[in-house]
Structure formats: structure tokens, C-alpha cells
Amino acid sequence: MLAPLAQVQIQDRSAGDASCVADDGFCPEWIVDNFDRYVDPFMQHVFLTLISVAIGFAISFGLALLARRRRWLIAPIAQITGILYTLPSIAVFFLLLPVTGRGDLTAIIALVAYSLLIIFRNITAGLDNVPAETKDAGRGMGLTDRQLLWRVELPLALPEIMAGLRIAATTTVGLATLAFFAGAGGLGEQIFADINFKSNVVVAGGLAVLLAALLDGLILLAQRAVTPWTRARAT
Amino acid sequence: MDEGEGDMTTTFAVLGQFGDAIQFIFEGETTREGTEVGGSQFLELTWEHVKLSVVAMAIACAVSVPLGLWLGHHRRGQFLAISFSNIGRAVPSLALIAFFVAYLGVGFTNLTLALVLLAIPPILTNAYVGVTQVNPDTVDAARGIGMTEGEIVRKVELPLALPLIFGGIRTSAVNVIATATIAPLAGVNTLGDPIINASGYGDTGRLAAAIVVAALAVFTELLLGTAQRAVTPEGIKLDSDQASRRGRIQIPIRRHAST
Amino acid sequence: MRIKRWLGVLLAMLLLASLSLAACGDDDDDGGNGGGDTAADTGSSEAIASNPDNEGKRIVVGSKNFTEQKVLGEIFAQALAAAGYDVDKQLNLGDEKTALKALEGGDIDAYPEYTGTALGSFFGVKSNEIPKDPQQAYDDAKAGFAEKSLTALPPTPFTSSNEVALTKDRADELGVEKISDLDGESQDLTLYGSPECRQRQDCLLGLQDVYGLDFEKFTPVDIALRHKVLTDGQADLSIVFTTDPQIKREGFVLLEDDKGMFPPYNSTFVVRDDTLQEAGPDLEKVIAQVEPGLTNEVMQELNARVDLDKKTPEQVATEYLRESGLIE
């Protein structure tokens, strides 16, 4: 079944005439036409961020509860998570590569490690800032320690916890742009696909900033919804 | 490996890969192609890394501290100063660097500009907040004894705001050092090179560079932390001590993560 | 205060947008101009037949980290998928050593390598000892790969060579036409190349050994920036590839390789022996169907579609396969 001689169309490109796209400029038309190539990386970025913050929160919460009764644990946990926090993430991505391979897992491990300090610190600080009198009153009312924690301390610590989540979320969005070094895709991969092309850099970078702002706003709204009594206070 | 190093080499070798990496940092090796990597060549990379970070930080401080002090003293632009920090946190460093590469091109100068922009928000915000936190009565008293506005800023507000300012500098410094690791993407060869372009250096080189960068970051954090404590007036220090005795935790506040 | 904060973010975005708009070029994003378009024959093209026997046979196709490699990787991956294989892609791995490592380690099953690169980087052949005849170079590379339990399939017609380039203005200024013309001047010139260039005989090392050139500074930059550093005036010299569409567009001058330092660089699809066994005869057959159409002209066109028209390598690969009649 022989097809007729097939041909690849070759364009004459020696003229080098001005074209927004070929000149690597900022081209709104092109952006509108090609916006769909940013959707997948954006969704991947959302995925990486949400999963990492969620897991980071779960672990930090557990650690904070653990340290609540054993206060001597706070310093070492803070130290370790603090060191993880100081390490440049790109170094961590590459160090994990031989161990966990290229892919989402490596990126998520590193991103979770980064969020630990922020969230842990904020949960612990939040719990700590609950006035002693309130706790006494609770105990006076006959609440068990567990009830005290869940019905009194945690609700009062919510603003601080949410603040921590906000910082963690926006920071993670930033770090996740480097996740492509670990083979996990995301908006960083898109930026890097054509770092010369202004349109590309602005859109991919802009989407990352938008995502961070969006998450920040959403968590803030959630905080407002769950803690109506703090609305009077300015932060 | 040089046998003459004797015991030290053996100890390091025991640490396995880490030992190899540390040896790489100090001795270096010759690749199959005959080029020298590691050792003194690493010094060059480290110097480039430090140079980039220091220059960026110097410019950022020179811009942010006076501006923050001025804004804070006159109680102006609160919205700007605080939002700046929030926006700064939301902009990923890779995006910022890519933006500069796309619009300005590669090179030390352009990259330094990007890093300066990265470093400004924490310092600016902290300078602003530091000044606004000074007790207004103190400022009034200073006015009362005849100090000019400029003198008030320099002699009253600045010293009291110094701890917070140093906190901001600390945050920025670690951030800049971490971001300088991806400088090779913008044509400036720092310690990020063995990490991102490991082929010439090998896995040992990559690990070695990661260790050095991490060490730099931690060292800077500790150094500036000490400086921060040193400039904290005794009164405030005592307050914190009392606070910790009451069982409240003292974990340093940093609003940016390293990239 | 909250609203103000949001306004702040909005302001920043607007600032960013207006900054970008200020640097806006022409809004014309029509790629080609009417006159001068030609069509390249790709020879007899039978469509790739999907063989049900190939179902369930998994092939992971990799590639290195620049446009041409990504396009080639996509072409081979899509062609194999059309033949019924179960194809995964791991493109954009890194430089040649990273790719080889992934191949030997089994992370990928195949990737397109260049004969000259293989001989110089993997098998340690000095660049002026690499055979100038493309067929000979391929045979030598094939032998080298065979020792690693890898099979190098027959090469493409096109060859994409490393070359030393400068802007026309700079070339006129310095009055150079051949690489050896740089002798005596090179110590005042800056050379930009990929990071792996520092370690390669067919790059910096060769220029030092074969031509005896010492540069004021060699700066490693990401491959994607190899043309930008010339147009921005950062670099005096830069290492580019002969199939780069930017050469024609920007009017770069390629210095003549008078001492014959650069080897042939035909692309050969390198496959693991075990994968080749399992895959059966169709793998080689498909590659043999796809390659004849990849001439210098065509490869340059495909690269241009990605670099200048800003299409994705995936799109461009599909276009090639369709226009060649290899897939529907």
C-alpha cells in the first residue's frame, strides 16, 4: 500500500523578518492561541503543592501534638526541621534523585520537608499562645485533657495555624517551580522549555505567582470562616 | 586518593560517599578528559557564589534599610511595605531569574539585579515594622529634647529597629545564597554548576557542591543570628528570656524558604 | 487591609504585564512568508502499520536536552506507538553522559545519539582521529556501543555538527573566516558553550588541543541560550549546531573547520540489546521507515518550527510523520 510521494513543507526562513513570536517577544495573540499548553503544568503544580502541604501539615500536626506534652522535644524538632529548611532545595532534589529516582515522589519528599518547620512552628506557637486562664477555666469546667485540646486550644490556635499554612502554601508554590529538576514537571519545566521566549516566561511565571496568591487568599477566606471571633482584630 | 594523607583519609573513607565528597572539596581530581575539577577549582566556584550573594545583599540593604526607615518614620506606605513582602514571597525565584534572562539577557549584572529584587522585600518590610514598633512616647521625648527628625531616625529608631532589620537581612541572605545555586541557568558559574551540570564533576562533585552550599547557608544563618542577638538591646533580650522562662517557645521567624 | 493586600498583588501583576507589553514586538505571529517555500521529498513512504503483536511491549524513549533531540525523541516515540508498541517518554534528560547513564541503567530503553558525540565523549577517541566519513564513524560508534550491550541502529541522513559561530559584525571586525584565523586573537575573546563542552574533545578541549587556542574566558551556559549570548553581545564566540534555524535568521557566521576537528554527527537511535530482542523486528523496521526523510533541510525545518514558530516538539513530530505519510 504505497502512498504517493509524501512531502514535508519547508519554509524559507532566511529573510528573518520581524515576527513577534520568532523574535521571542511578548505576544498576546500567541498566548491566547497556545494557552492550553500551560494547563497541564499548572495542574501538576497545583497537585504537587496541595499534596506536599497536606502531608506536611499532617506530619507537623502529629509532631506538635507529641511535643505538646513533652516540651523538651520542641527544640530538637525545630532544629532538624530548621536545618532542612536552610538547605537549598535544588541541592536536596539532586541528592534525593539516586535514592528515590526521577518523579513526583522525590519532589514531594523535598517539598514536605520544607513545609515542616513553618507549620510545626506555627501550630506550636498557636497552642502556646492560648491564655493560661482559658485553659484553667476549661479544666475547671471538667474538660479532659483531650477535650481541652480539641475544643479549646486548637480552635484558639487556628489563626496562627492558618497563618502558617498560608506561608507554607505560598512558599511551596515557589519551591515547586524547581521540581522539574527532580523530573516532576510543573510550571518550572514550562518556564525552562523556552527561557528565551518572553511570552512563555511571563505566562508560566505569572501563573505561578497567581497560584500562590490564590492559595493565600483561599486559606485566608477559610480562616475567616472558621474563626469568626478574630474578624475584629487586624493582622 | 593520596595515601600520604594517612589517617584522615581513612576516617573520611569510612563515611563512604560523604567522605569522598569532602575529599573532593579539598583535593579535587582529574577527570578522564584531563581537566581538573574540585579542590582549588571549587574555591573559584565558591568565590563566585559568595561574591554574587554579597554584592546582591549589599545593594539590597543599601536600598531597603534607608527606604524602610524613612517610610516607617513618616508612617507612610504601610500598605506598600507590607504587601511587598507578601508579593515577594509569592514570586518563585526561578520565575524571577527567567524573567530577567528573557528580558535582559545573561550575565553577572543582570543576575545580581534579580537577586537584589529578591532580597529587598524581607529587609524593607522588617525595617518598616521595626521603626513603627518603636514606642511613640520615646520618639516624642526625643523630639522634646530637640533632636531633628534625621537624628531621631539615626539615634533612636534605627538602634531599636536593628534586631528586626537583622532578622530581615538574615532571611534574605539565606534566600540569596540558595538562589545563587541556580545562577548557572543565567550564565553565572557558582556552586550550582556541579549540582545542575554534574557530568563533568560526577556524583561526588555534585554531593560535594551540595555540602558546601548547605554549609554556606547554615554558616550565614548562624553568623547573622549571632549578629542579630548582638544588636538586640539588653532590655528586649531580657523580655525574651522571661518569655522563654514562662515556657513559650522561641523559634526564629523566617518568612522565606531557601530555593 | 485584606482588600488592600489583594490590590497589592493585582498591582504587581499589572506592573508585570505593562512592563512586558512595553517590550512588545510586532503582533504578527505568522511564521513564514509566501515566496521561497519548498517541499522536501521524503522518499517512498509506506504508512506505519500497527502490529497487534507489539501490544504490551513497553519501550521507554529518552532524549537529550535541546530542541533537535526533543523532536527526534518525539518522532521515534510516536512512530513506535503507531506501530503498536507501548511507549513511554523520558525526554529532556540532560547531556550525553546523563543520557547514556540512563540508558545503561535501564531507566530508558533507547535514545537518539550522534556518531561523533559517541566516539568523542563515550569511547574516548580524540576529535582529529575520528573518521571523517560518516559511514565509517557510524561503524566505529556501533562497535563501541556493542561492547556495552547496546545496538546503534542505522543513522539518519542529516548531520548536525558543532560549529564555532559569531555575529556577522564581530566576524567582520575580527576579519576571521576559519577557526585557525582565531590564532593570536583568541586570548582576547570570550567563548560560550554548553556545560559539557568543557569536557569534550569535539568542543573546548579540541579547540585547545587541535587548534592551540586559548580563550580569555570560557563560560558555560545552558544550551538553549547559545544564540542569545551572541545577539546580546555577551559572547564573542559561541558553539552552535549546524541545524539551528537561528543561524540563517540572525545571519551568524560559522567559522570553517579547516583542521577538520569536528567529526560527523549523524543521529543514530541507540537501543538496549534486551529491548531490541523483546521488541521483535518491527522496532528496526519502524526506525528505518522514519529516518530517510530526516535530511539536513528537513531537520532544520523541524527545529525552526519549534524554535521560531514556538510549536511543541510533540506537535512538530506529529506534523513530520503526517506530512511524510507515515501516520494518518
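Letters are used for the chains, namely A, B and C, taken in the order the chains are written, and counting of residues starts over at 1 for each.
As a convention for this text, a contact is a pair of C-beta atoms (placed from the backbone, for glycine too) under 8 Å apart; a residue touches a chain by one contact, two chains touch by 3 or more.
The shown structure was predicted, so the numbers you read here are calculated from the model rather than taken from an experiment.
If touching chains are joined by edges, the resulting network of the protein chains shown connects every chain directly with every other.
Remark: among chain pairs B-C and A-B, A-B carries the greater number of C-beta contacts. Distance from subunit C peaks, on a Cα-centroid basis, for B.
Rounded to a whole number, the gap between the C-alpha centres of subunit B and subunit C is 38 angstrom. Inter-chain spacing, taken between the CA centroids of subunit A and subunit B, is 21 Å. With touch defined as above, residues shared between interfaces to two or more other chains in subunit A number as follows: 192, 195-198, 200, 202, 206, 209, 213. Contacts with at least two other chains are made by residues 86-87, 90, 101, 103, 185, 196, 198 of subunit B. Each of the following residues of subunit C touches two or more other chains: 1, 9, 12, 20, 23, 222, 225, 228. The touching residues of subunit B, when paired with subunit C in their complex, are 31-35, 79-80, 82-84, 86-87, 90, 101, 103, 105-107, 184-185, 187, 189, 193, 196-200.
Of all residues in subunit B, those touching subunit A in their complex are 86-87, 89-96, 98-99, 101-103, 174, 177-179, 181-182, 185, 192, 195-196, 198, 203, 206-207, 209-210, 213-214, 217-218, 221, 247-249, 251-259.
For subunit C in complex with subunit A, the touching residues are 1-2, 6, 9, 12-13, 16-17, 20-21, 23-33, 35-47, 90, 107, 222, 224-225, 228, 245, 248-251, 293, 297-298, 301-302, 304, 308-310, 312, 320, 323-326. Across the complex, subunit C is touched by residues 1-23, 25-30, 33-34, 37, 101-102, 192, 194-198, 200, 202, 206, 209-210, 213, 217, 220, 234-235 of subunit A. The part of subunit C that touches subunit B in the complex is made up of residues 1, 4-5, 7-9, 11-12, 20, 23, 94-98, 124, 192, 195-196, 198-201, 205, 219-222, 225, 228-229, 232, 234.
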